[in-house]
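Two complexes come next, and they have one chain in common, subunit A, joined by subunit B in the first and subunit C in the second.
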Partner chain A sequence: MNQQKSPSPFRVFLQKFLRQRFAVISLGLILCIIAVALLAPWLAPYDPYRPVTDQYAAKGIEAGRLTSASVKVEAVMSDGTIKRAKELGHLTLDSADRQIASARKAGENVIVNANGDGSTAILLSAGEAASRFKVIVSGEDNGQAYVSQLIADVQQHSLELGAEQTAKVKAVLTDGTELAGMNEIAAYVEKNAAMPAIKPAANDGFGNTRVTDDSHGLTFTSLEPDVVQVGSDGAIKAVGAGETAVKVSLDGVSTLIPLAVNQPLSKPIVTRLVPEELAIDLINRYKHQPPSGMHLFGTDHQNRDIFSRVLVGTRETLLIGFVSVSIGAAIGTFLGLLAGYYGRWLDALIMRCTDVLLAFPGILLAIAVIALLGPGIVNIIFAVAVFTVPIFIRIVRGSTLSVKQMTYVEAAKSIGVKDRVILMRHIFPGTLSIVMVYLTMRIGTAILIGASLSFLGLGGDITAPEWGAMLSAAKDNSRNLFHPTFFPGLAIVVTVLSFNLLGDGLRDALDPKLKD
Partner chain B sequence: MLAKWKRLRLGLGIMLAAGLFAGCSPAPTETKTEPANTGAAPAAEGSQTKQSAEPKTITVAVEAEPVSLDPQNVTDGNSLTVQRPMFEGLMTFNDQMKPVPLLATEYKFNDNATEVTFTLREGVTFHDGSPFNADVVKANLDFVRDEKNGLARNNYFSFIKEVIVKDPTHVTIVSAEPNSAMVSYLAHPSAAFKSLESLNKKKADPGFNLDRNPVGTGPFKFAEWKDNQYVKVVPYENYWDQAHKAKVESIVYKPVIEAGTRINMLKAGEADVISKLPTQSAKEISQDSSFNLFTAPSLNVYYVGMNLKLKKYQDKRVRQAMNYAINKDDLIAGVVDGYAQVADSAIAPHTFGYSQQKVYEYNPEQAKQLLAEAGYKDGFDAVLWTRNSSEFIAIAENVTIQLEKIGIKAKVQPYESGTLFDMLDHEKGTDLWIGRWSPGTGEADYGLRPNFHTASFAPSFNNSGFYSNKEVDKLLDDALVTPNQEEALKKYAQAQQIIYEDAPWVFLHVPDNVVAKSKDVTGVTVLPSDTVLVNDAEKN
Partner chain C sequence: MFSFIVRRVAGMIPLLIVVSIISFLFVHLTPGDPIRVLYGTEISPAAYEMLKQKEGLNDPLYVQYGRYIKKIVTQGDFGISYRTKSNVSEEIVRRLCYTLVLTLASMLWAVVIGLAVGIISATKRNTIWDRLGMVTTITALSIPEFWFGLMLMQIFAVQLGWLPTSGSGGLEHLILPSLTLGLGVAAIVARFTRSSVLDVLREDYVRTARAKGQRGWVIVMTHVLRSALIPVVTMTGLQFGILLGGAVVVEQVFAWPGLGSYLIDSILTRDYPVIQALILLFSVQFLVVNLLVDVSYGLLNPQIRYE
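What follows is the complex of A and B.
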């Protein structure tokens, strides 16, 4: 009976609070977020600072095929000997689509690197000889068999003047099939007339001069038409003394037939290049892996696990939120109490300063503070605290003014209680409820400002797993990829929303005017 | 700290200004237009003329506003791109970066390469009607060489000792020392000529702004520069070369800093040509049939510079270890989507005089061993400065992650590029930094000398890491004074070998130029030096 008449204020608050379903859910969420922040180093499945590819081995995950491969390249000389790639002076490698794979000469071998998913062809050339091999990245085979090598031969390399003979040509495709003779090659060219990767570059409107081979089908060219002449069917005729070669080419791939008229062949030349493999399987794991069972939120531009980074980022985010608002609230409450209680010039001074600070938009004030102090998490906390202070001064002063008029404060004053005690024991508790509400609401804002500052690159370490910095790094790619921006963004939204809803709930629960 | 104050003051200033504007009554916005007497200006009378004069304007979205329109007062490629339709020099580079005559018809060196005499093209006039002749050449070169005029390219022309006018069509340039690279230096777009009249105006009135009043001999003349909006050029009717007369009604260069916005503009048809595409978007553009994508190796080299005054970088083994620690292929695939190649010398492969070196192949074990031998078994801490664009930050991040594997813990600090250059020039705590260098002249001397010569120590030039090797100095000096080109090239090759071996940089990659355009536009040329040429462009 007695209890019903004057229920404990805490119980009333609790009853009112529990009736607000959203606020309760938010509180639960916030507790979860705090738990995550504390346990993040143990919860995160990967090291958020390192690319996941470096961590697979330690975690016992089979990384599968490799992102790069070393390919041996040999050159067949005209005298039948074989030379290694490093002995060839200039070996150029040209990838049809470098977004898929690229290659370069490295010491003895050729290193092929996967850059993106798909399949492409890489053309090797040394002088007039050229061969091609295919690269398939992440198993995305386009099913296309490119011309890999041409093998051409004649019966005799040393000719008499006026002698005639016909070259025999054989083509090897990247799938291993051999096309023997002109007819088969012609059939292949006809069938693949529109091969996308090999089709000669159409005029794209760029004025730059290009070195492109216009001929598409099988062609024969004599390097020195004064010595030998060659027809489009491979018929070779010796017309002058000297030494030369006939170049046979098909879709960029070429081989040489050395020929000498009225003299023996002097030094061996490179007739064709032979890559160790015709087709190479690679896997692309460099970056931006989409969300999967292995990486819940996918990976970012440096191939780091976004899920781990979001978890670890929670700690810093909450730290900025809690610490900065606590500092701001403590200073603001203290000054607000003084201003409200003593009034007069002190009030005027504090309130005018507050007015000045409030005249700036919050984010601008924070940027100005960072510009003065330099980037860094401590400075961010300070910056956010600075713009939290005036808000607390205002509301605490207002609340102090009204509590000051209460009879019990007058009574305390009249019996000679010290100002300090009146402030702390009689007035401060009266302002506490409103401070609590604002505190909760401001944490949300503080997190938002903290994230904005680090998004703008003012957060000190831009490589740190911090939500704002993660968004900033991913923003350029947001039109192609959604996961690197979506998940950090979602984390910010959920956290800020939780704090705001909790603040709303607290306000309603603490409002004495709001009846049950 | 000073820079920060400046920035803060600027910020406050902008806020104040914004406040003032907001307070003002909505007065009609006044735009100041240069009184350009354009013969081909789109007529505004009547809709008929408007339709027939459907403006065939080419809009080029560039990555920043030009610093100046005075070719001798800029050092950035972006400003040069905007200036190209208006200005011409004695020589120019073709798209293979070979110097070819332009306003000269021929040139001749004397025997020991101290003098080069140009025969000038006749009948060339400036946009203000004044003729181009030997006096103009002398006046321009003397003007930039005079330190008092404070032009940004003053240093660049310091190789010239004297300019002698022989007769109106012959001019001789005398260098202080034998200099076989002189012709390349004079083919650089900064060696373009302003009209004598505008120079005289400047001399008579120091307040006259050459940056804003460009008068050249190019196929297009200046029409208008609206701050932060565009620079517009229109055809010059009396251009000397009939074959390369302007084919469009105007070219508009719009500064668009955000790469994403440039792409959106291209897609929306607001821009016809856009430069510096983010590599991630390149594929998307290349697959769209209404656009053309251009990619070709540039002359840029990306590197990690180190301050050799610091004890930790003095041991060559440490520097080599850092080179071995970086997996360049991984960086290229990860950061620039394959649109680059491994830097296998201190200069890019298309630079004249380049010689390929043996790449420091990724080898963390060897790197660790070298570090241990040098006495840094547990690595060390470092600070890595970078520009604050997302590409540079991503490179810095990648380098940091890779260096950490051998125990070097680097902290990335991004700065706005102007601030960064200032900090590097005045050694305000230089440790490691991500750098990019492109020899605008396209030849080895300008790729090596500013970065590695002892005389190029910051702030006078770009050697902010204070690398000094007497042998390199001597080779570079000798190469420049060698009239025999083959000999000179051998010396450059030798210098490159020593530099690569000494590893004053961590050599990273040579990126591609990535430029996109709408397929309606033809005749766009991209030079390896980043310049996008639209002088000859047509629009259908």
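What follows is the complex of A and C.
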């Protein structure tokens, strides 16, 4: 019964603490983070210091599948049958920008390889028919839709001499939109007039220089003007006996309309090429891979695995937090005890020094220390420690002043206990609870300040896997990307938030005013 | 009141002297020879001695300190930058305005957001809004400013393209940096406002007003805020220092041409005369603002009497 009435202070604290759900969760998180920090070298899937590309071979990962894709190409013949690319024989491939992607034939398929970031288009051509598909590397879509295919048809393929008809044209864009009829195509051409036409390199050595400037708009060409004549509006007129075709082209893409005058069509010709997909997404494996199963957080500008770097960075970040706050708290507590207990000139001296330290607002005190000592990780720890000292002096001094009034201190004094012993045995334990609370909260702040300092480039080694330095590098090298900045920052937020919530919980649990 | 101000200012003077000594020592404690840096390393020993004499570097430190302070006080002269060889004061004057605009705009965000969240949390105590507000504020306090800035930049400038990514110019350039800088202080103001309003809500006169049948928001607006906001004003003023410190980081993120980015550039290039001047300037600004806040607290709060 007696125990029920006055449980031990520790048990009261534990009860109060366990009731705070957030604080308990945070404590669990902090323990996890500490475990990660200790085990990081074994947990990290990749070496955080080297590009992942060099590490694929050792890990037995086939890197090729990321950076290339195979696209099936089919040819639509004039008689409606479909042929495989293999049977065409003379399929040529041309990339608008080889710096971004290139393509080659491999059996039935076309293999596209990513070479750099960006988006480009690859032109397929077989004879007079040509189609195009878009390649987006590393998600850097330029948002432009290119003309992919043209579909042209006439009512009759076999004409009488002198017969007239008009071709119907439909265009398919790489984003899947269809432009039906001349008017829509004309509107598209006009809208995109400002865009440079996608042309294959003027002379690529393969004689594939069919595309000229004037082919930006829709054009009709008769392959044999003696047999069939065609106007710029698609009006076809049979003028002589024979077999030919009308070529319709737009922006490098072309299709054929087979026509025969006074005779049936003899053999089917290729009218149109159809790539399996209109646009394909590839990843450039040499830098900035987006998050994927292989790289949970993606890779950075030097193609290092961000997930591994975040894991390994935990160690350095926690080290800055723990070491600097421990040093700062130890010095601050010591000076605070002295100032509070002895009072008079010692108190005045210590407090004036504190005032001087507090005269530099916020992070500026730490920055000033770095300015004196020069950049470097050890100096960051020292700077954050200096930043922590005045706060501890103030709170410990205040706490000491109130504990000093206690009767048991007076009693100890009156029986002649030495000052040193009173300080250590009777006063310091009394200030311990508030020191614990501030210690926890200050670790969060110290991590923030440390990360800010290394973000500012004051941490010395900017290539180190440290969260602040990673963010600094991401800001300079990966401006337009989300993942290199997001994940290291999230790691900071989770860590600091855990310490802050734990500190809040401890404060509430240790606060004697707060009743259950 | 007057004697309080006099005493407060007088108390600040020794602090100012110590701070100025510390900043003065920056050039003298740090590696690098000012003469060699300013006039090149290839000057002859004779010329070196002559220049050293001319610059007064052979004098004892206290004489040099006296001259340094005299120059600052009488001419506003902070010396010559090692890097650009130009006058530090001119550069400071050019950049001071940017930092002040940024700090004040952040303060505006902080006050508007902080008060709104704080008042709502307090009046709707223990509801989902209160919880949400408090969770948001503690999260905001745990977010590194520079990361928040980078995320805002990523969303509003890079992805949506609504605002410029960095640099200075029109009002649109100010929105993201000031919001970034204001976040932490907004969270502090919100938490403080909440507890202050909660304290006042417990007062008897609020109960009386409620008993009288006055509407809830009228009570909050007329009775509660009047006294609840006095400590909030003081506390907000004291956050000015945090904003000044934070400005150093945020200016670096958004390439804002203020004093903060000047300081970091100078530290990275070891331009000690500039570092010296800026450290002194930042802490003097901070001390003066704190003094003004202390004085205004007395003016705002009729309960305080300075004996």
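Criterion: the second predicted complex is superposed on the first by the 295 of 516 C-alpha atoms of A that agree within 3 Å, B and C clash if a C-alpha of one lies under 4 Å from a C-alpha of the other, contacts with A are read in each partner's own complex, and residues count from 1 in each chain.
Simple rule for what comes next: a contact is a pair of C-beta atoms (placed from the backbone, for glycine too) under 8 Å apart; a residue touches a chain by one contact, two chains touch by 3 or more.
Just so it is clear, the model here is predicted, and its values are computed rather than measured.
Asks: Which of the two partners, first being subunit B and second being subunit C, lies in contact with A:367: first, second, both, or neither?
Replies: So A:367 meets both subunit B and subunit C here.
Asks: Quick one: is A:76 in contact with subunit B, with subunit C, with both, or with neither? Answer first, second, both or neither.
Replies: After superposing on A, A:76 lies clear of both subunit B and subunit C.
Asks: Looking at A:500 after the superposition, I want to know if it touches subunit B, subunit C, both of them or none. Which is it: first, second, both, neither?
Replies: After superposing on A, A:500 lies in contact with subunit C but is clear of subunit B.
Asks: Give one of first, second, both or neither to describe whether A:259 is in contact with subunit B, with subunit C, with both, or with none.
Replies: The answer is neither, since A:259 touches no partner chain.
Asks: Examine A:485 and indicate which partner it touches, taking first as subunit B and second as subunit C; both and neither are also allowed.
Replies: So A:485 only meets subunit C here.
Asks: Which of the two partners, first being subunit B and second being subunit C, lies in contact with A:457: first, second, both, or neither?
Replies: both
Asks: For the three-chain arrangement built by superposition, which of subunit B and subunit C touches the greater number of subunit A residues?
Replies: Of the two chains, more subunit A residues are contacted by B.
Asks: Touching A:476, do we find subunit B (first), subunit C (second), both, or neither?
Replies: first
Asks: Determine where on subunit A the residues touched by subunit B overlap those touched by subunit C, and list them.
Replies: Residues 364, 367-368, 371-372, 457, 475, 479-480, which sit in both footprints.
Asks: Using the touch rule from the top, collect the residues of subunit A that touch subunit C in their complex.
Replies: 352, 355-356, 359-364, 367-368, 370-372, 375, 444, 448, 451-452, 455-458, 468, 471, 474-475, 479-480, 482, 485-486, 489, 492-493, 496-497, 500-501, 504
Asks: State the interface residues of subunit A toward subunit B in the complex, per the touch definition above.
Replies: For this pair, the touching residues of subunit A are 49-51, 54, 67-68, 98-102, 104, 106-107, 111, 113-116, 203-209, 284, 286-287, 301-303, 364, 367-368, 371-372, 374, 457, 461-463, 472-473, 475-480.
Asks: Okay, in this complex, where on subunit B does subunit A touch?
Replies: 4, 7-8, 11-12, 15, 95-96, 259-260, 263, 278-284, 292, 294-296, 329-330, 332-335, 337-339, 341-342, 358-359, 361, 388, 390, 393-394, 396-398, 400-401, 404-405, 411-412, 414, 512, 515, 517, 519, 521-526, 533, 536
Asks: Under the touch definition given earlier, write down the residues of subunit C that touch subunit A in their complex.
Replies: 14-15, 18-19, 22, 26, 29-30, 138-139, 141-147, 150-151, 154, 158-159, 165, 240-242, 244-246, 248-249, 252-253, 263-264, 267-268, 275, 279, 282-283, 285-287
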